[in-house]
Amino acid sequence: MSCNMTFSQAVNDALATAMQIDENVICYGLGIPDPKGVFGTSLGLQEKFGHDRVFDMPCSENGMTGIAIGASLNGIRPVMTHQRLDFFLLAIDQLINNAANWKYMFGGNSGNVPITIRLIIGRGWGQGPTHSQSLHSWFAHVPGLKVVSPTTARDAKGLLLSSIFDDDPVIFLEHRWLHNHTEEVPEGDFRLPLGKASLLRRGNDVSVISMSYMSVEAIHAIDYLQDKCNINCDLIDLRSINPIDWETIFDSVRKTGRLLVLDTGWETLSVAGEIVARCAIECFDSMKCPPVRMALPDCPTPTSWALTKNYYKEAVDIGQTIAKMLKIEINLEPLKQMRGTNHDVPGDWFKGPF
Amino acid sequence: MSCNMTFSQAVNDALATAMQIDENVICYGLGIPDPKGVFGTSLGLQEKFGHDRVFDMPCSENGMTGIAIGASLNGIRPVMTHQRLDFFLLAIDQLINNAANWKYMFGGNSGNVPITIRLIIGRGWGQGPTHSQSLHSWFAHVPGLKVVSPTTARDAKGLLLSSIFDDDPVIFLEHRWLHNHTEEVPEGDFRLPLGKASLLRRGNDVSVISMSYMSVEAIHAIDYLQDKCNINCDLIDLRSINPIDWETIFDSVRKTGRLLVLDTGWETLSVAGEIVARCAIECFDSMKCPPVRMALPDCPTPTSWALTKNYYKEAVDIGQTIAKMLKIEINLEPLKQMRGTNHDVPGDWFKGPF
Amino acid sequence: MLLIRFCEESIAARYHTGKKMRCPTHLCTGQEAVPAAAGQALRSDDFVVSTHRAHGHYLGKGGDLNKMIAEIYGKKSGCSGGWGGSMHLVDRSVGFIGSTAIVAGTIPVGVGLGLSIKLKNTDQISCVFLGDAATEEGVFYESVNFAVLKKLPVLFICENNLYSVYSPLKVRQPEDRSITSMVQGLGCPAINGNGNDAIESYEKILKAVTSIRNGNGPVFLEFATYRWREHCGPDFDNHIGYRTEEEFEAWKMKDPIEAFEQKILLDNIIDKRMIEELKAGTQAKIDNAFKLADLAEFPDFCDQTWFSEVNG
Amino acid sequence: MLLIRFCEESIAARYHTGKKMRCPTHLCTGQEAVPAAAGQALRSDDFVVSTHRAHGHYLGKGGDLNKMIAEIYGKKSGCSGGWGGSMHLVDRSVGFIGSTAIVAGTIPVGVGLGLSIKLKNTDQISCVFLGDAATEEGVFYESVNFAVLKKLPVLFICENNLYSVYSPLKVRQPEDRSITSMVQGLGCPAINGNGNDAIESYEKILKAVTSIRNGNGPVFLEFATYRWREHCGPDFDNHIGYRTEEEFEAWKMKDPIEAFEQKILLDNIIDKRMIEELKAGTQAKIDNAFKLADLAEFPDFCDQTWFSEVNG
């Protein structure tokens, strides 16, 4: 059985399913039980599972992260949610010094820390410098953390359930522009394995490795190139940013010899860079042209509608880059036209201001 | 005029010089005025410059970072010190959300944040998981921060003075194992430009890019290879991790065609990876063999003497890697013997426990 | 107060039309008394830092109206050149050092400004605006501790509007513990007051300012008040269920502006006609600010002098 | 107490010889009363978390002596398999959930354990040990707020030994504000006591434990005490100048063990011979632990099952 639902409904469904299956799953965060329910993702949970298991919290991100860690050491599986990743920067101490290190620093003798931390990455409508930081590369640098980043509704549900029941701390990233993505999602306890990428498109010309919302832009570009120019690309959606599914990536790069990596974060020290580096090391002999990465310029997110225009990359930029890698000329005007004038919203459903 | 001094004396000298030159320079941190003076680096400062400008602080890393930011907005140049980088993880909120973003988020209209944050990276004598984390790659990922990492006493002085008088927030990293490194250091207001690497050894066979304490291990390896096997390497000591002196690196790689990068941090998403990635992109046609990086395994630092043995990389490992890149056999036994049995101290001067 | 109220209401009226204010915007309608009073009690060279809900604090301190509206429009002529938006306001010419969007983020910054004042030995003071939820962040506690420890010239003004977004106080703080008494426990003199009474607010702030300027160290003021519109955005949101219509109506009855108007009319400080003129003049200034903002140029991402200085 | 004292002193005596304890080690000599009393007042299934100075808390709670010494030696048989060292102790079989090296780092962890107890509806309690400096961290404040808000079964025990490394209280906290009164301001019942008096400590802890177990929410206890040896390492350090010899001597006069010994001798609970036997027996156990640790195998970096699970 499956059901058509949005990404946020899928998250909601995963949370409800997890709480149903296991009474040790609890769910908290600023605004979790409020009428908006964190973009709909937590609606109805408190009514269903009670105030003990679903609750709001004080504005104390670091303390509440340590509290999740402590609870998890006694068998609870806390799911903590932050409306923006940026707010979670207050909790890096507990995340790194405790959660990431815990299993190792006691030689495995003090239990696991099965916490899941949902972080929403903002974009558009002037989110600006402190409501849109995409720091997945930080989290993926730290041993002991898993980092999950679904693109589709189905993946959101399957990966969130696996994250909750995984015994390591998991950072679960939701891009705000994906919340309205709609798809058939299996009902019930549907899980997808962590650490596996998904091949969204298949082709021999270029390996496009992507993540999160950038995979949506990539699909537009790749489908256009296939339809109009008979250019065929592999599109690998990472889904898991730590661990990364290296074999899938290497296989593709060895096949195409051309690597393009898309990232939702800043360029320098990006996950895209890590992928370029490992491919340069592992697939040295297969590379037909210099690898390319497309990420954000190394500069904080500006707020003005006019300033974000040149900050983010779109399908047409991806198309252009692929054309350049293949040393061919392509008319990308129609692809450019596909997007309306407001580059700072993903579609009409997104109305700001938050 | 110059004077023979240790790395920590050079830091102390830079602090005293800066405070002498500019009365807006202040200096604080846990233990700054105590009898040990943060490994000697702050000894005598409070006596010389008074309690208003040199002071201890509460155990409140995040608050005290925000306080530095605020003071700097009114023309003060705070130098804040942490005995371990790990303790500064409590202050990531103020560092990222405020210090790094400040200049940009007000469009340049709310002043600069000329703060300098000295972070000491621990190693050896069982420092373990939370007293040895080397997160320079995190800091270098974030636009708006400069990241400086000297290897020699002379560089420590010249770069610290430039950091203090730089108008951006600077993360100044001191590796604990360098504090006793001795060298001729110029007296007075001696500054070195930020953002410039230094070429420590010259050669055409391999480009070795290194940083901080790893440059010391690299020197041992490279000198040995030169003396015994006539293998000649460029050794580029980064000194600045953000910005990175790309031209110096690219020139070397274009010359040698072989890239080896050494890093004091974890491998995945390391600065070494970033250098491999950019070189793969920019020097694609010059590369004669797959680039190589040597960093820490992706796993928290263990404590036991026996466990750190295989965790850190030494000169002999570097020698081995270079030999492999050149596809030659080298007897490295003498290089291995150079180090005593205690791999967990840099020399007899380091007595632990901290 | 009038300027703040009319400005917020003009933003609300225009926010949906044309969709030109494309940034998260937190209005302070209903909370005008404290920002206005603080602006009066502080000197122009005193420092102020503020939060996501900063329009009132900015205007109260004398911040440039045209530059604020232009900033919300994302224009080059905005006080932050379009980089910041509604949540990142600055006007250093009147001591408004900055407002930011991370809860409690500017609290230590304000204390640091206080430290700089002490180091430079001037008689300025640094004023930190914060909401009730900001007192839950550890950095608030650390900042107060340091201000008390060093007797810094810092005035903390907490506008307690009962909510953090849609979350009432009782899910965040123990019900039988007031913020004021908690701060007293930290060793900081703390007083509370009616934040909808402009005169009371002014007097309490002035007294605190005087004490701080005399070198007696930090003071914390907690003012009870209420935000009329939704947490973020231009609309009303009583219907969504996190607060009751009755609560809202009761607070609306305590409109700080109407109360003040009645009072000064009664005291014959002003007459009806003067008030009407004042209102019309204020609204005209605001309308003009919107017109200017609308006409102004957008900034260009590529012409920033600082870009690529770092990570170059 | 004896076990703790002898153990610390044995570490101190052996630390330099052979250099086999290669990790930062924070001894609690002089501070034995509170850890011992807490261990007695708590049940074995109650949880404890602790700090960098954890030997006493671990042994007091009944943690395995042999495994602790082996851990300090970095051996495979150590309680953390050699991964943690002196600062990372664990013995879940007696409820000792973990000690870590970041100041205040385990405070929220202890509160989270309290939350889990409430969720699981058992009558355990969670005890958090902390130093005076830990109360300066924002996370302490956040943790206490939440414990009070949710009335969690958490006992905070603060051992105030006047110093953070070499920094006296007065450079970190306002002089006229006690930690106890500050915590009372946060809404948490708080009491202080003489941390060198084992019986008083025991009685106060027991009373708090009973109240918490009865569902009355968290309690905070502050005990005045003093560390004899250097902050980190085996030596004495009065000569370096951060504290006076007189202060040290005055506290040494208040030796908790000697006081307790006098008391129970006076009360005829025990006689001199029994004490001598007890001492000899305790020392023998400790000596044996060192012998075992010395003989034990080192762990091997490559045979860890979890390695390369993540970042694989």
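Miscellaneous remarks
A, B, C and D label the chains in the order they appear, each numbered from 1.
As a working rule, a residue touches a chain if its C-beta (ideal position, glycine included) is under 8 Å from a C-beta of that chain, and two chains touch if they have at least 3 such contacts.
Keep in mind that what you see is a predicted model, and the values were worked out from it rather than measured.
Shared contact partners of chain A and chain B, listed by label: C, D.
Distances between chain centres, each the mean of the C-alpha atoms, put C farthest from chain B. Each chain gets a centre from the mean of its Cα atoms; for chain B and chain D, those two points are 35 Å apart. Here the spacing of chain C and chain D, counted between their Cα centres, is 45 Å. Centre-to-centre spacing of chain B and chain C amounts to 41 Å, using the average Cα coordinate of each chain. Residue positions of chain D with contacts to 2 or more other chains are 78, 80, 82-84, 88, 100, 102, 105, 136-139, 141-142, 145, 149, 172-173, 299, 310-311. Residues of chain B found to touch two or more other chains are 57-58, 60, 62-63, 86, 90, 93, 97, 104-105, 128-130, 140, 143-144, 242, 266, 268, 298-299, 302-303.
Chain-to-chain contact here is organised exhaustively, every possible pair of chains being in touch.
Listing the residues of chain C that touch chain A in their complex gives 15, 22-25, 74-75, 78, 80, 82-88, 100-105, 133-134, 136-139, 164-167, 171-173, 232-233, 240-242, 298-302, 307-308, 310-311.
Those residues of chain A lying in contact with chain C across their complex are 30-31, 34-36, 55-63, 86-87, 90, 125-131, 266-268, 297-299, 302-307, 309-311, 344, 352-354. Of all residues in chain D, those touching chain A in their complex are 47, 49, 78-84, 88, 90, 92, 97-98, 100, 102, 105-120, 126, 138-139, 141-143, 145-146, 149, 299, 304-306, 309-312. Considering their complex, residues 136-142, 145, 148-149, 172-174, 176-177, 181-187 of chain D touch chain C.
Note for the complex: chain A touches chain B at residues 62, 86, 89-90, 92-93, 96-97, 100-101, 104-105, 128-130, 133, 135, 137-138, 140-144, 242, 265-266, 268-271, 273-274, 276-282, 284, 287, 289-293, 298-300, 302-303.
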